[in-house]
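Scrolling down, you'll hit the structures one after another.
One chain, chain A, links the two complexes that follow: it is found with chain B in the first and with chain C in the second.
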Partner chain A sequence: MNKRIAVLVFPGTNSEEETLRLLRACGGDAHLVHWSNAKLLPKFDAYVLPGGFAYEDRIRAGAIAAHDEMMDYVIEGAGAGKLVYGICNGAQILLEAGLVPGTGDVRRPSAAFTRNGPVPHFICTHVHVKLAIDPQRSPITRGLQRDALVPAWAAHGEGRLAATPEELARLEAGGHVAFVYAHPDGSVDASATPNQSALGCAALVNREGNVLAMMPHPERDGWTYNHPDRRGGNAILAPSGGAIMFRSFVQAVNA
Partner chain B sequence: MGSAESANVALRPDELARIAERLGRAPTTVELHAFDAQWSEHCSYKSSRHHLKKLPTNGESVILGPAEDSGILHIGDFNGERYGVVIAHESHNHPSQVVPFEGAATGIGGIVRDVLCMGAEVIAVADPLRFGRIEDAQSHQRYVAQGAVDGISAYGNAIGVPNIAGDVYFDERFDDNCLVNVVAMGIVKESEIIHSYAPKGAHGWDIVLVGKATDPSGFGGASFSSLTLDAADEASNKGAVQVPDPFLKNVLMRASYRVFGYLRERNLTVGYKDLGAGGIMGCSAEICSAGGYGASIDLDKVNLAVEGLKPEVIAVGETQERLIWVLPPEITADVLRIYNEEFTLPQIAYNARAVVIGTVTDEPRYVLRHRGETVMDVDIEFLTGSIRDELPYAEPQAPHAADERPLVTGVQLDELLERVLAHRDVCSREPLYRRYDSVVRGCTVVPRGAGDAGVLAPVPGSTLGVALAVAGNPRIAKLDPRLAAEHAVYEAVRGVVAVGGRPVGLTDCLNFGNPRKPEHLGEFVAALDGLAHAATAFATPYVSGNVSLYNESAGGSAVPASPIVACVGAFDDVAHVVTMSLKAAGSVLYFIGRPQAALGGSVLLDVLGRHEARVPRIDYDLALAQHALVREAARVNLLRSAHKLGNGGLVVALCEMAFPTLRRGHKPVGVQIDEPWQWTHGAVGDLEALFAETGGFVVEVAAADVDAFEGLADDVEGIWEIGVTTDQPVIAVDDEAFDLHRLHGVWSAPLREVYP
Partner chain C sequence: MTQRAFAITLKIPDNAAYTALTTLQRLGLALARVERSEIWVVEDAGDASDFAARMERNETIFNPNKHRLTVIDGVAPRAGEMWIEELGAPRAALGRRYVGWRLLDANGSPASDEMLRDAAERLLCNPAIEKAHRA
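== the complex of A and B ==
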């Protein structure tokens, strides 16, 4: 029997439906769990935190949601080895909860996804993110090729990784930078990063590899119809593009 | 008892006399404010409604015409269900001029509720914008242009509705009155539509208010927007602007979707309506009177944000993020539980909740009680019925005579092209729209900037597609309001066709000056003629719309006639969508249109500082044949790309098709076009061929598909082979080649300063 995936809905989450839809299309037995039903969470085998503006991004994106009752269960589950994947606001919440990089105390973040640079505005732009770790380093990336490129949409106002130079060095040395922004041809330079994120970081992974926090949205580039200029033929309803990321996650959950 | 003076209402003496006569007594203060809202232009359309009758509103695709909060258009069928697109269009001009962030944000908030309350899932918004001169970084105009965009961005992004279409123009005539128009679109099965009226058998049902706690904000909003703006009153005007809460709205929408599901499971018919102008009073009176009922409301039941609000403020104030349900009492407790417990409204915003505030009555009275006293008791039909102001209007003055001087510019083509590309109406909009989330919900096929219409795949699992485009050109409007209206329809329809969609219907937002000035009302009447004529020709009826008058400042300067149109398109199979980016070298380029020696309203003449009255005419039969060709060519996959001609004309269209190929990871694709006079056979001059804004399209056809395409085009007039695509990053006109990177830089820069 397939393992059950909970897609968490905090007050202010806005990407739960498309996340759920693509998880299911990729073979996941996924279900929405709203904040008032937090107590259902321990029964699930894996957690996906979708995008949005949980608790209105008050203080800093993800800062309040990290203290929501739902996160008690996610923190507990992550500690027990359950797979946790956060996207955009979900990634911000995981970082604020201290689950990535996961090297310090819970809810004592050592870094932040904070206001974009050079101008602190929301941006919505198509990007590619490139796998920057050995695919075997995390079960969630095990289904990807080495150097895999995942097309996705960056759509955030606070996606710039920021930390002290010492912490950034630790993140890099510890293999926590799971994905970096890249050009469509796979090349990497500063101009590929839309928000001046430190280390070009688009996603962080914890030491154990079971928690992945990714800023851009692969689920918005997850179907052939999401990329009308790139698709071949007329198969308009097939998972494609960013769906490789969801497939890899679902495979890891069901493994 | 109240007096109009002490109550500070906008009702005129004759209107006050009529109310007193009908009531047989002096109105109470609450009644004064109630009639002030209901009889404002904003609610009553008193000086415009009879003119609006000219607009065509019927057609095969119409599921619901302009009668309720939104119209509904049939876009296709899936699994035995007919699917409708719910569409509404509104202005939030006055509030946005005073407090741009909040004004524009509440514009999005309000229009989204109009779509939501039809039982629909909200799937897109769009934002036609008109701002003043933004060159001065310290000006109020710059502040308005930035604040409004930030407000739209903050609100739309937070509620998770993609912004997929819009346009923006800058002109001194909008210095004192910006236009912030907003469009929202939803998707609903025809069998699951919820109407904005109390259904049959609703006598004794509960009236349930849901959403934000009522506060003093937005008191007098309806009449505020029906007066001209006076800078001296700015402080008091600010109090009339509502306060947006997109966080609460996000939860309110999701909770409402849950209630929709609950109603579907039980197959129940209820009423649901947005609170807009006139607040609790306006909404509850209209939802009950539209069903033939009366209403009795207890204002003490209303959840308040602050104690001690006067009854007229509770009744008529326009606090945002509220809606009203009319529910059979046996399900009320379940609905309250969904909002208050499952979606925890009271924890989302202070004292937000769903609460029963009154009852649907058999008697045709509208009754409000407060602290045990009856503070309003009037004939509900008198309150909500139509009133009419027959105001005189004057035919718009004939445009200036044509400028017959030959068009010798003395400017080299490369400089001319750069000046046109840098023009404020042409330059890249990306710095603005990249602040909008155009891909949330994961259904976006063509996001902002990638095509002439935004396109969505709105029904998961089906191939159905829906397109949305907006248009309205103030440069033409300054010359000829009627033709401007026709061009607004033509351009919006053309935008939908350019992506391969089938135009199914329209909405309009009519932004004009003071209807009590005959010349302003004359522009309105002329524009309506144009809107009616063009929509009839394209067989695209209007299913919803909005009238915004008094876009005039105290100094008397008014906006140019601004009929703004949105067109909805449909796809049976969204795989046939076409984007505007050129795809490969070696394709053949065709212009599909009608070359005309008519530069009136063009960007070229603006750049040259010339005026010219000859606005391009629309040949509707030709346009219809060309639209059918473009759609069929798209359907059989003969078009690699397509783009409508708009601001800047043919050469700008070619640049805009080539620019996206400069992105990293793509091969640049350039353009070589023949000497313009050759393909027009001398009918128009070179500059007119390149820069006239006559409508039509440029399409890219693979060399191997040329025979097939020309076979399709055999019977269609106005198809011109104009050149080819190349692997050189240049736009070449005959033997002059212009560097694409340089042109791209010129085009990209101007708005970056305003929207860094």
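== the complex of A and C ==
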């Protein structure tokens, strides 16, 4: 029997439908759970935090949502080893909750996905993110090949990883940078990073490997019609698309 | 040139401040009210007497329909207040910008320094990207 995945909906979340749809297309038994039903969350086996603007990004992106009752259960579940995957605003919430990188205390953030550089503008652009850790480092990436490239859409005004130099050194040494921005051929240099994110970081993982926070949206590159070259028709899952990330996540949940 | 500071607040109820209040209360802080403002610290060559009027003419930061401008005595947070500085933010031509948070305790008095520090550490300031200035 498939394990159940909760897709969390905070007030202001706006990417829950495409996230739910791709999880299901990849074999996941996924369900939306709204903030008013937070108490249902312990019954789920894994959590996905989709993108949007939870609580209107009041104070800072993710700051209020990190203290929502839903996050009490997510924090508890993550501590018990449940898999947690945050995308875009969901990633920002996970950082504000201190679950990633997880180098400090819970709800005491040690890093942030913050205002883009070099100019603090919203970007919406197609990107590739490259697996920067051993796939075995995290259950969520175990279904990917080494150096896997995941296409996705970056759509954020605040996606630049920022932290103190000491914390950035800890993140690098501790293998917390799970994905970096890359060119379509897999090469990596500063020009592949659209927002001046520190370390070229597109996604962070916690020490235990069960919580992953990714800024770009693989779910927006799940089908051929939203994959830039429209390979293989117009209605099927793009075999080279962002679905590979979701397949890997669902495999890990059901393992 | 003289350094002067002013605060811009909403005339209407501030939903962000209310959300901060309810979240801080959920965290156990005994607060009755939270006020949020945009704080500007500027170098001014003009006269102090018409400083507020001159700043209110800057339409990029002040809309008379929805904002109230208050000149701050001195250039430092007031009692019960902290200013949050965004680290690495590009400096605006006008001056330095902060987000001001003024906390009033259950008695309606300015929050203590200890309460301010607690609110900063637990919600209002992410030290990875921000710095909290208190009086």
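FYI, the second predicted complex is superposed on the first by the 244 of 255 C-alpha atoms of A that agree within 3 Å, B and C clash if a C-alpha of one lies under 4 Å from a C-alpha of the other, contacts with A are read in each partner's own complex, and residues count from 1 in each chain.
We adopt the following convention: a residue touches a chain if its C-beta (ideal position, glycine included) is under 8 Å from a C-beta of that chain, and two chains touch if they have at least 3 such contacts.
Computed from a prediction, not measured in an experiment: that's the story for all the values here.
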Chain B and chain C placed together on chain A: clash or fit? fit
Counting only touches as set out at the top, which of chain B and chain C does A:163 meet: first, second, both, neither? second
Once both structures are overlaid, the C-alpha centre of chain A sees chain B and chain C separated by an angle, to the nearest 10 degrees, of 70
Query raised in the report: Of the partners chain B and chain C, which touch A:220 in the superposed model: first, second, both, neither?
Result: first
Considering only touches as defined above, state whether A:136 meets chain B (first), chain C (second), both or neither. neither
- Message: Just checking: does A:22 make contact with chain B only, chain C only, both, or neither of them? Give me first, second, both or neither.
- Response: first
Which superposed partner A:2 touches (first chain B, second chain C, both, neither):
neither
Max touched-residue count on chain A (chain B vs chain C) belongs to chain B
Chain B versus chain C as contact partner of A:56, first or second or both or neither:
both
So in the superposed three-chain picture, is A:12 touching just chain B, just chain C, both, or none of them (first/second/both/neither)?
first
| query | Regarding the shared-chain residue A:185, is it in contact with chain B (first), chain C (second), both, or neither? | reply | first
Superposed, chain B and chain C have a smallest C-alpha gap in Å of 6
Overlap of the chain B and chain C interfaces on chain A comprises residues 55-56
In their shared complex, chain B is touched by residues of chain A numbered 9, 11-15, 17-19, 21-22, 34-36, 51-53, 55-56, 119, 121-125, 153, 155, 183-185, 187, 191-192, 217, 219-220, 222-226, 228-229, 231, 234-237
Residue set of chain A touching chain C in the complex reads 55-56, 58-60, 63-64, 67, 96, 107-112, 114-115, 120, 162-164, 167
Residue positions on chain C within touch of chain A in the complex are 15-16, 19-20, 23, 26-27, 86-90, 121-124, 126-130
The chain B residues in contact with chain A across the complex are 153-154, 157-160, 246-247, 250-251, 254, 341-344, 347-348, 433-447, 450, 455, 457, 460-461, 463, 465, 573-575, 577, 579, 581, 583, 637, 663-666, 756
